[in-house]
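Okay, so subunit A shows up in both of these, paired with subunit B first and subunit C after.
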Partner chain A sequence: MDDPVLTVSRLRVVLARNGERHRVLDEISFAVAPGEILAVVGESGAGKSTLGAAIQGLLPSDAAPEVSGSIRLTGLEIVGSPPHLLRSARRLLVRAVPQDPMGALNPTMTIRRQLHESADCDEALILESLRRAGLSDERRIAGAHPHRLSGGERQRVLIAMAMMARPKLLIADEPTTALDVTTQAQLLQIVRDLAREEQTAIIYITHDLNVAAAVADRVMVLFGGRMAEIGSLRQVARNPRHPYSANLFAARYDLDTDRSRPLPTHRAAFRHDETSDRGCGYFLRCQIARSDCSSIRPRERRVQAHSGLVACHRSDEMPLAILPVAAPRDAWAGEEVTAGPVALELMDVHKRFLADRERVWERRRLIPALRGVNLSIALGQSVAVVGESGSGKSTLLKIAAGLVAADSGRVSCLDPRPQVIFQDPVSALTPWLPIGEQIGERLRPHVTSAAERRRRVGETLQSVGLDPSLMHALPSELSVGQCQRAIVARAVVVPPKLLLCDEPISAMDVPLAAATLNLLNDLRRRLGLAMLFVTHDLAAARIIADRIIVLNKGEVVEEFEANMLQSPSRGAVTRALIEACPSLDAMIAG
Partner chain B sequence: MAFYLAKRACGLAIVLMVMSFIVFLLQSVIPSDPARAIAGPYAPSSTIETVRQELGLNDPIAVQYGQFLMRVSAGDLGKSVRTRQPVSNDLLRYLPATLELISVATILAMGLAFGLTLLLLGGARSQALRHVFIALGSTPIILSAVLLAYVFWFRLAWLPGSGRLQFRDFVGTTGFYVIDGLLAGRPEVSVDALAHLALPATAVALPFAVAVVRSLAGSLHDVMRQPYIQTARGKGLSEAAVVLRHGLRNAASAPLAMTGLQMRLLFGNLLVVESVFGWPGLGLYMTQSFATADLPAILGVSIVFGTIYVLVSIAVELAQSLTDPRIEL
Partner chain C sequence: MIRGMNAQTNSLARLYDGLRLVGWSGWVGIVGVFLITIVALLAPWLTPHDPYARIAEGYLPPSGTHWFGTDEVGRDLFARVLVGVQSTWLSSLAVIIFSLVLGSFVGVVSGAIGGKVDFTVQRIVDLFLVLPSTMIALAAVAVLGPSLLHSIIALATFWWPWYARVSRDEIRRLYARPHVEAARAAGVAAPRLILRYLLPGAVPSLIIAATLDVSNMVMALSVMSFLGLGQPAPSAELGAMTARSLDSLTVFWWIPMLPAVALFFLCLFSNLAGDGLRAVLKGT
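Let's turn to the complex of A and B:
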């Protein structure tokens, strides 16, 4: 084996957050060889992104980082190096592709100038890097400002920016989270090619195990800032030796998951997981914990089952302990949805938007977003709308919500005020109001007594799986998953007839997404809501919906029962979407 | 762009109309009789009545306003009651002095703002500097102007504190003495004009600069936490390049808007500063006109200030759209 590009040993990072110091990374050790792709997986807050920032020497100075241990990048020590050495390491050795393509490009500089800064290069190299990143009209892109580009184009620009510097190590921090499946599949191919052709070592941070399977050779599972397990992805997926990774791999869902019953989930994250020096970090959530798990920290050790390392006292007993992966998983009651009255009906809906001007004197063109869409959802029914970005999904949802008016066509909605659940749960809550108050606000017109309102809020919180005592908590005191539940509670405290969901799970890790899907599925069955679920994730659409509608360029190209997603009679657009979905199972089998 | 300029020109016209209407209303509301002011305090009532007829003061308000607009649009702003000169002549006489003061003060303010920003970026985040900022930013201009005059003129006698020039005989062609001195080949005149400018310009520039720096520092603080700054750092750029190339331009919008706002406050400040330093400009002219209820003069100065303000806000919007391509005019 070649000398590793990156060797991390006993890395510890302590960061200050809200005045408290947290150990974000705790004794992490691993190495990455040239041309190898290492996936780093784990739930939000596991320290994945901090690891990336630490390797670049770019930990936020606000957080007063304390770093110990060692990060060696082709022989150069990063920890404790003076700023000018770190700068040249970033210039020549390590580059990153960030998570949010919308914010990661300077809005006031043309793409050409931003690329020009990235490496000593001429115009030809700039254009060629853009082309290699899959942008065919590279001249237009190079001359444009970022706000003229789509999310996928921006992410490709960022990859071009990183590639043109020919780094030894590339850190990709959830680069495809914000993109649709088709674009994601193309970007994953580019990343794989980069590793193979340029022998670039790649650290691929993701919360999506299916994506990790599509791209990576090895996987490192992080939990609470510690390494739980590391090894060949295929071996770990087949035979996880740490209870956390076992849960993680069991909680995933894909196009073949049983949709007649709730998804398997595991115990929800605690608000403040204790990561004491002593004991195993996973102790509180572990189903097979013993008494010594709380007092002796498990060291990483080799296991028989695969060639990697595991930090668990009981890793050898894992196959014996059958994981009680979820509470009883009975099939959903009332599977046969009785078609009630129509809750939402769109007939021949058209919508066009004004395009941006290319030049000041040009007239603004109209771009069609929806072209004659028909859609009807009965009470108690759930319909998913899927499609690539730009297919008109979000416009459709906004029209249904009454946030945007259709140009022509008829929109009739049983509910004058349908409730919407947005993608980012944290920013959809007012930060300075306790969540109980935000939920209770919707009761004000109906319930005048404050005590009665409190009671109803408590009940609703309970029904979405939150402790009623959390009604006095501020959003910042809740985890992301709890915030999403609070938003669902806000939507259903006065049960609406129509619930609209705009990509509510696309930024969540697998267990959280699974729990959210279960919650929504449960509520709509119990309360008999009509639900419109907009997503680019076919697997989620299939699980949550009775019917799936495929949009393409503003038109409904196909509509079918969710069970029939994989039927051979599906049209080309749907098949392309299906093929673009990465699948871990396929990788394990293959 | 052409559409934008046309739109703003209409805006300017509307602003001037409204302003003229307000001043006109004032004229008819305040208990001061222009006819008596013109005819003199001891004129017999018949004379006053004649003057009233001449001035059209007995016509209905709407007719008076119409005639007034006709005159104003023909460039006739009326006669100043105090100086007995056509207001337009007075304006032309005092405008250069004020423009010179505004220009020098703006340049000084920008220089100060830039220097202070560099100081802040250079890591001088000490508490002391912050206190100095708050003190400077909250000193009323009347106090800082008087203090400047007291310390540097009366006490230290480093700088002159009254008037524009010590050369009584000098007559310039443009009215901007700094430039006139150079044109006439008398550099000592320019130097003297600059010395006279120093104190009033500083008094005007200080609150201006402090406001701009505070808004720039605030917006830079936010910008430096944006993901694209992290991207720029990830390219291995030096911190100076990150701040100057990626930070400042994205942070420019708020301080530019603040510059526009400060321009408006600046007119008020000019009244104070020109009075304190005996600066023969529009501010002093206006202060004196207030004292005699000289409404034609007040209207004339208001129109000039209003026009400058609208022009400045157009310039600010143009600058904002130049710095940020996402802003369309």
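Let's turn to the complex of A and C:
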């Protein structure tokens, strides 16, 4: 093996949040070799993004970071170096691709000028690197301002910008989370090529194990700011030796997951307490913990099962088979109703939007978003709408919700007020009102007594898996997962006939997404709701829906039973979507 | 069953978290504003001498018996400054509070109704905002006759549209947020939507705008009295006191300077307090 590009040893980062100091990273040690891709996985809050920022020396200064340990980048020590050294290290050695490409591009400068500023090079090189980042019309892109580009194009521009500097190390922090599967697949290919051709070392931060599988050679599992396991991705995925990574790998779902029963979930949000300081951070949730796990902190050590390191006292003694991976319970309770009355019907629905002006005096063109869509959902049925971004999925949902009027066609809905579950659960709750009050709003016309409303809200909270006492809590006191459950509670406190979900899981980590899918699946079976689920995630669509509708450029190109997703008779658009889905299982098998 | 991660955090702890953000300058301002208000309210009982009576020789410099010295007639300057602080400070607060209440009522209703009503109301507000309000207030007072009450009325008439604009913009901004959309989708009735879902979101911006505006109002009122449009001659007003004795600035500096210094501290403390409150309410 060549000399590593990056060597991190005993890295410890303490950040201040709301006046309290938290140890966000605790004794992290690893190395990355040239041309290697290391995936960093873990749940939200595990410290993944902080690791990326620490390596660049870009920890937020208002969090008063205290860094100890060592980060050596091609022999240059980052921890404690003066600002000018950090600056040149960032310019020459390490580049980053962030999650939100719009925030990372200057809206007032053309792409050409920004690339020029970033790497100080001539026109030919700018165009060539844009082309290599998979942008075929590089001249238009170079001359454009960021807001003229699509999300995928912006992300590729950032990759081009990072590549042009020929950095030794690239840090990609969830770069594909906001993109649809087809664009994601192309970007992952570009990242792989970059590592192979330029021998760039890449740290790929993601919450999606399937994406990690598609791109990485090695994987590092973080839990609560500590490294749980590191090793070759294939070996770790086949044979995880840390109970947390075992659970994490078991909780994923993909195109082959059994959809007749709830998904296995094991959400282990890390909470700081005394035991986690002294002993193993996973002690409280671990199924195989021993008494000494609470008092002695496990050090990383070699295991027989694979060539990596595991921080668990029992890593060698447990055969994986006895590890009780949060076993799926029984199949779904309740009968599936599929022949009820029609809850939502769209007939030949058209919708066009005004395009932005290219020039000031130009007449605004109309862009078709939906072109003659027919759709019908019976009570108790669940239909998923999938497609690339720009296929008209969100417009379809807004028309069904009555938020947008269709240009032509007939929309009939059994429920005058269908309920919508939005993508971002936190922003969909009013920050200054207790969640109980917000959930109770829909009860007001039906239930006049406040005590009775409280009782009903409590019951509903319980039915979505929240403690009824949380009705007095403000949204800021809840975790993201709890907020999502509160929003589901608001939607079903008076059971609607039709529930509309707009990408409710696309920004969630896997265990949380699985829990949300289970909750929605359970509720619609128990309450007999009709559900329209808009997503770009085929695996989720297959699990949540009875029927899948594929949209492409505003038209329904295919409609089939969810079980038949992988049947060979699927059309080209669907097959392209399936092929673009990264899959961990395929990687393990292959 | 999932428990709240920190649902036990009570409102007291939240308040404490907020107060830490005030910063030392903010505290100086808040304590200063508090003291000024107390002094202004108690001014008639705090004055050591009658502010309108001749109690010593004229032009006495500051000393132990006459802290701020005496003016050209021999009245105690400290007593006169206290009374001046009272009239300037309390009338500024009155104008600001009146403008805040009227302006935010107009703004919130206009923003929440939207459509044609909003458009019409906002054009009327525009009309007020494009007028040079202090100039017109000056002209109005000149016509009505100089008096403190006339100044207050004239300024209040032209001050509220600014608050109408601030609150209306806040309401429109909140209106487009997903949580208000969700509340509307849940069928919340309009009055409840305004009071519970929209107004609380606009309150921080309004309070910040108002506290930072107090010093503007203090200045506007002082300018009026400086130009002779406040209360008539014997009364003690900070602007007028400075104006009347300005020609003795180089010889008897304390007579024009000390009222001006008092004015300076009124503005300074209210600005510092406004900055401190902004830190708490916006969390930065």
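Here is the rule we use: the second predicted complex is superposed on the first by the 571 of 590 C-alpha atoms of A that agree within 3 Å, B and C clash if a C-alpha of one lies under 4 Å from a C-alpha of the other, contacts with A are read in each partner's own complex, and residues count from 1 in each chain.
One rule holds for everything that comes next: contacts are C-beta pairs under 8 Å (C-beta built on N, C-alpha and C of every residue); 3 or more make two chains touch, one makes a residue touch a chain.
Note that this is a predicted model, so its numbers are computed, not measured.
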Once both complexes are superposed via subunit A, do subunit B and subunit C end up clashing or fitting? clash
Check whether A:109 is in contact with subunit B, with subunit C, with both or with neither, and answer first, second, both or neither. first
Now for A:419: first (subunit B), second (subunit C), both, or neither, which partner does it touch? second
When the two structures are overlaid on chain A, which partner does A:58 contact: first (subunit B), second (subunit C), both, or neither? first
Output check: A:160 vs subunit B and subunit C. Expected answer is one of first, second, both, neither. What do you get? neither
State whether A:92 touches subunit B only (first), subunit C only (second), both chains, or neither. first
Hey, is it subunit B or subunit C that touches more of subunit A? C
What part of subunit B is in contact with subunit A in the complex they form? 1, 225-228, 230-239, 245-246, 249-250, 323-326, 328-329
So in the complex, the part of subunit A that touches subunit C is made up of which residues? 18-19, 269, 271, 401, 403, 417, 419-420, 422, 424, 427-433, 437-438, 441-442, 444-445, 465-467, 469-470, 472-473, 477-479, 481-482, 485, 487, 490
Residue set of subunit A touching subunit B in the complex reads 56, 58, 62, 83, 87-92, 95-96, 98, 100, 103-109, 117-118, 145, 147, 158, 161, 165, 357, 360-361
Could you list, by residue number, the parts of subunit C that touch subunit A in their complex? 1-7, 9, 17, 20, 177-183, 185-189, 196-197, 200-201
